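Next come two complexes, and both contain subunit A; in the first it sits with subunit B, in the second with subunit C.
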Partner chain A sequence: MRGGIRLLFLPLALSPLLPFAVFRANRIAQGEPRSLVETLGAGPAALAVAALAGGIAALAFARRPAWGAAIAAALILGIVLAAGWGASSLMAGVPTQARVSPGAGFWVALVAAALLLIDALARMRPRPALRLALVGFAVAAGALLLSSGALSQLSVMQEYRNRSAAFWREGASHLWLAFGSFAAAMLAGVPLGIALTRRAGARGSVLGLLTMLQTIPSMALFGMLIVPLGWLAANLPAAHALGIRGIGAAPAFVALFLYSLLPIVANTVAGITGVPRSVTEAADGMGLTRRQRLFHVDVPLALPVIITAARIVLVQNIGMATVGALIGAGGFGTFVFQGIGQTATDLILLGALPTVALASATSAVMDALIGMLPGGAR
Partner chain B sequence: MFRTLMLSAAVTASFAGAASAQVVVSSKIDTEGGVLGNLILAVLDHAGIETENRVQLGATPVVRQALVAGEIDIYPEYTGNAAYFFNRAEEPIWRNAADAYAEAKKLDAEQNDLVWLTPAPANNTWGVAVRRDVAEPAGVTTFSQFGQWVAGGGNVKLAASSEFVNSAPALPAFQAAYGFTLSPEQLIVLSGGDTAATIQAASNQTSGANAAMVYGTDGQIAVSNLVVLEDDKNVQPVYQPAPVIRAETLAEHPQIEELLKPVFESLTLETLQELNGKVQVDGLPAADVAQEYLTANGLLK
Partner chain C sequence: MIELRSVSKVYDGVAVVDDVTLTLERGTLTAVVGTSGSGKSTLLRMVNRLVEPTSGQVLIDGAYTAVIAAPELRRKIGYVIQDHGLFPHWTAARNIGTVPVLLGWRRADVRSRVRELMEMLQLDPDVIGPRFPHELSGGQAQRVGVARALAARPELLLMDEPFGALDPVIRAQAQADLHRVQRRLGTTVILVTHDMAEAIRLADRIAVMRAGRIEQFAPPADIIAKPATPFVAELLGEGDRAFRYLSLKPAADVARPDGAAEGAADGPVLPGHATMAEALSEMIWTGRDRVRIANPDGDPGIVTREALIRAGRPE
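So, the complex of A and B:
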């Protein structure tokens, strides 16, 4: 570890001085801070501090970024496990309504270790395939950790236990909303973008219209769609049979689709018009038809720009799908809005954390895919 | 003629088939919406009526719009909200429980083909709750008594949002009607504060708070040992929850009216506080809380 990133050692080393956990008599009561010693007991707390000190020293002397990454990852694992273990010990012998959540010390240590890990990974300059493998490893490790029961006494996991069936159901609707509307927008947006490269006159007005759509607040757009979709469902049996309703998933799907169009269409246009003139002239000179030139020259060269739009749209959709819960579309937003209604932070987190994890993993995978494209920037 | 009627009925039924076979039960996304929606759902399910669960669908405008459009068939609404649906918020009629219910029932029947079923005898309106250890020694259960007590030098410190303190229909209306005035020292104003924050302040006696702005059936009230003051001069609009159902659905399943009547009649202010508290404070799923309440009280026959 070198340079300014070493400054992160300071918050990491001082984190044991902050409350490690927060104890609440019930899920909406005021939290009472618990120090590392109070949470883990004196002996284990001393061991934890020693392990932390050892980790910092090892990081300071790690010469290769890969070692740094491994040590930082181990630190993160240790911090999370300590929180899980601490929660079980604080929950022992208290009423089941009590809740234990991570405190400031946990978060400071976790964020510092995560930044150290990100820095080490960046300096490893991994190839796209390795990056994909790392994402897979992180997902598998997270799944193993969550299913092992080591974290089961943490407040968020208690919320999960009370709603495990609903969690997976909402997760499935969330994925369907975000990825389904993305796929539909790609199918419609890329051909539209290609068509616009040939009709420069229409380009301004279509992109202007899409930009205008983008500026409508999501809640307003959802609301505006209830009436026309409800009318369709009532008057077209076929639409009704397809599951189109004024409330529920349909308006959310349509709204996400509309929001997705601008980045996809705009980047398709930019990508194709950005193909160097010398290349297109060479293609024309070789006697390629317009269709051949499109599929063999223009689209492949524009692909990195188009996939970049795809990445933006996917991450945007995963985040925005949460708002769909307000019109009965389901998704992780259900927990966020129920949690806000109950002033229960843990329930809000049960919806927010998987959304963030999903968006980060998707973004990392898409980044790696962009890197794998010929000519793509790594 | 009869044959034409039968035919058109059959055609309508086959077109509307998927829509009308199941009773779509819905509710608002908040805590009480979860409890009331699941109560309705459990009662209908138990009676063998086919239902579709759209409980905790969304915010009030969304649920209301969905009901009027026929996307959902039944959901619990508050009588006082009818004042806003029909743009008549300024009228005094909404401050009387019976009149407000009758007016809401009449307007929705005339204009939207909706039926308001039996309401719960609970009023989830804006008000004030006082710590039990303060209210009981002082003998305060109604706002009139509270007004006399405060005017006579009672030691009160109210935690409230700035909206509650400043907006004319809230605290100023209470003060005018009940003849008391809270000095700035007797107020803790939480700008943008919600009832969760004010109840917490009174419960923990933060800065000496011993009273809080609340909604009548807030789930935290019971565990926080607060008592809600009765608005005995009807200063605030009454917000009684009642199931609102599409007339068409009720015609198909007329038994729904009698099925839900005993359930909603059993939901007093304290009962709703307790049920909301189980969801909000203990973190239990609303469906389990509803099922348990109905079973324990013999309401599933």
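So, the complex of A and C:
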């Protein structure tokens, strides 16, 4: 590894000096820091530090980005496994309401290793198929790790066990909110963008309106939607039957939909108006009808720009869907806000970690899709 | 046969094409030359209705184009533009097959037609066919553009500065290709160009445009011999007139049988199709006052300097 990224070796190397775990008598008690030696025991701690030092040295001399990525991934796995193992040993012989969560040393080491991994992956410039394979591999490895029980004594996993049914239910509604509103925004936004390319006059005002919508803070937008949706639910039995209410999933869905529109519409317009003039002229000159030109030339050539918007919107929606929990929309945000209310950090993590994982995986898959578009379209 | 009857196009109150009437015979190549902004492209684009005339009619083989659905009309007319306009997300082969596919040809027919065209334009179908436009050189992309325009065997081919972006060597080759293809297929061609030499070399007739009007419409020899207006003369470049004229005529026209010449000429024998300009150039370069020229029916003929100079001044 070369360049400024090597600065990350410093926090990685110093992380064993920070508390590796936090012990609590129960889930909301004051946490007590535990060093690496206290967590793992002297012998395993020495081994862990040696492994870390070896990993850093290997990273420093790794010539090929692929080796760097493999070493960084191994470090991450080791750090996580050490946390799981440490939690088990700290929990041995203490009451079951005690909690062990990762400490500052864990987080510093994990973030540094993750950044090193991301850097190495970026330098690998993997082909799209390999990227998809790597995402699949990471997801499979994560699932295996979680289901193996190696991490079961960590506080987050205990929170999960206590509410696993709720976790999957909220996960499903999170996905529905994020992907459903995205799909609706694509269905509405792409045709709207196409229509705007043909009406330069309306373009400015529509894009202006959508930009204005983006600037409304999400809580304010929820508030603004509660009244009209509540009215719809009260006065239209059909709307009520569809599950539309003033609070709950409907206003969150609509808000995410509205936020999604600007990137999609704006990029559709930009993508289509960006098709070179000689290409559209040739298409017309060859005798393509308007429809044929749209579907065979304009949209395919605008696709990379439209998919870029889709990627932005999906990642944005996965994050923002969390906020919907505030008005009872469900989703992983439910755990975050419950956790804040109870000052239970572990519960906050139970909501936040899957959101981050979902957003990262989605972003990586979308990047790979953009890379898979045929030759000249990129 | 293409007829333009009093065709005009008005943009913002300005007639950029102003009452143009032209008749182009089937199988001929007509070059449209003129300064930038004189309305050449607009005139060309009114033939395939990329631009609708403000007034006047365009007829192809006696049929009014205005009553034919534009896409249907355009599929029968080849169209080549300067930046070739190849579809960047399609391979060269698929680009060439565009119109046949639109016309619903069978797949096998499209494929064999694409191969045939690529071979005719000296593009290796197996090498160039699967490439995307950004993987082609400028000259290759231009030839793919020509192949695409010819794919559905149009009887009319419109070309808007097709060779404008090519270097001189590739450009000369592309011109030769066009000449060969046009003669072989008997296609009627309208070629818009900035390059008077190109027009003189390729065209059966040249239309000189200025400010939306046709200043002169005549065969190249007449344009050089009798420019109708000072503008036409200026466009020709007065200094080069004689040479341009000589470049149109075969040197064989003024050759005498070898034996009739007093004293046999030495030096190389020019090929039989050499022009008078080439013969004169050879004399200047080698310091001779006579050169030999090949004669398929017998001994080489002799061309003298006096004969050339006499021939270079039209009566």
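One rule holds for everything that comes next: the second predicted complex is superposed on the first by the 374 of 378 C-alpha atoms of A that agree within 3 Å, B and C clash if a C-alpha of one lies under 4 Å from a C-alpha of the other, contacts with A are read in each partner's own complex, and residues count from 1 in each chain.
FYI, contacts are C-beta pairs under 8 Å (C-beta built on N, C-alpha and C of every residue); 3 or more make two chains touch, one makes a residue touch a chain.
Remember, predicted model here, so these are calculated numbers, not experimental data.
*Asks:* Looking at the overlay on subunit A, is there a clash between subunit B and subunit C, or do the two fit?
*Replies:* Overlaying the two structures gives subunit B and subunit C room side by side.
*Asks:* Which partner does A:Phe337 contact after superposing on A: first (subunit B), second (subunit C), both, neither?
*Replies:* In the superposed model, A:Phe337 contacts subunit B only, not subunit C.
*Asks:* Output check: A:Ile327 vs subunit B and subunit C. Expected answer is one of first, second, both, neither. What do you get?
*Replies:* Once the two structures are laid over each other on A, A:Ile327 reaches subunit B alone.
*Asks:* Kindly classify A:Asp284 by the partners it touches after superposition: subunit B alone (first), subunit C alone (second), both, or neither?
*Replies:* second
*Asks:* Rounded to a multiple of 10, tell me what angle the C-alpha centres of subunit B and subunit C make at the one for subunit A, in degrees.
*Replies:* Angle at the centre of subunit A: 140 degrees.
*Asks:* Is A:His240 in contact with subunit B, with subunit C, with both, or with neither (first, second, both, neither)?
*Replies:* first
*Asks:* A:Gln292 contacts which: subunit B (first), subunit C (second), both, neither?
*Replies:* In the superposition, A:Gln292 contacts subunit C only.
*Asks:* Give the label of whichever partner, subunit B or subunit C, reaches more residues of subunit A.
*Replies:* Tallying touched residues of subunit A, the top partner is B.
*Asks:* Once the structures are superposed on A, label A:Gly31 by its partner contacts, choosing first (subunit B), second (subunit C), both or neither.
*Replies:* In the superposed model, A:Gly31 contacts neither subunit B nor subunit C.
*Asks:* A:Gly78 contacts which: subunit B (first), subunit C (second), both, neither?
*Replies:* A:Gly78 contacts neither subunit B nor subunit C.
*Asks:* After lining up the shared chain so the two structures overlap, which partner does A:Pro128 touch, if you call subunit B first and subunit C second: first, second, both or neither?
*Replies:* A:Pro128: touches no partner chain.
*Asks:* I want to verify one number: the closest Cα approach of subunit B to subunit C after the superposition, in Å.
*Replies:* The answer is 50 Å, the least C-alpha separation in the overlay.
*Asks:* Output the subunit A positions appearing in both contact lists, the one against subunit B and the one against subunit C.
*Replies:* Correct list for subunit A: none, the interfaces share no residue.
*Asks:* Using the touch definition up top, name the residues of subunit B that touch subunit A in the complex.
*Replies:* 15, 18-19, 26, 29-31, 33-34, 54, 56-59, 61-62, 65-66, 69-72, 194, 196, 200, 204, 219-220, 223, 279-285
*Asks:* Subunit C touches which residues of subunit A in the complex?
*Replies:* 276, 278-279, 281-289, 292, 296-297, 300-301, 373-377
*Asks:* Give every residue of subunit A touching subunit B within the complex, in rising order.
*Replies:* Per the stated touch rule, the residues are 26-30, 97, 99, 158-159, 162-163, 166, 223, 226-227, 230, 233-234, 237, 240-241, 245-248, 325-328, 334, 337-338, 341-344, 346-347.
*Asks:* Quick one: which bits of subunit C touch subunit A in the complex? Just the residue numbers, please.
*Replies:* Within the complex, subunit C contacts subunit A at residues 48, 50, 70-76, 79, 81-90, 98-99, 102, 132-135, 145, 148, 158.
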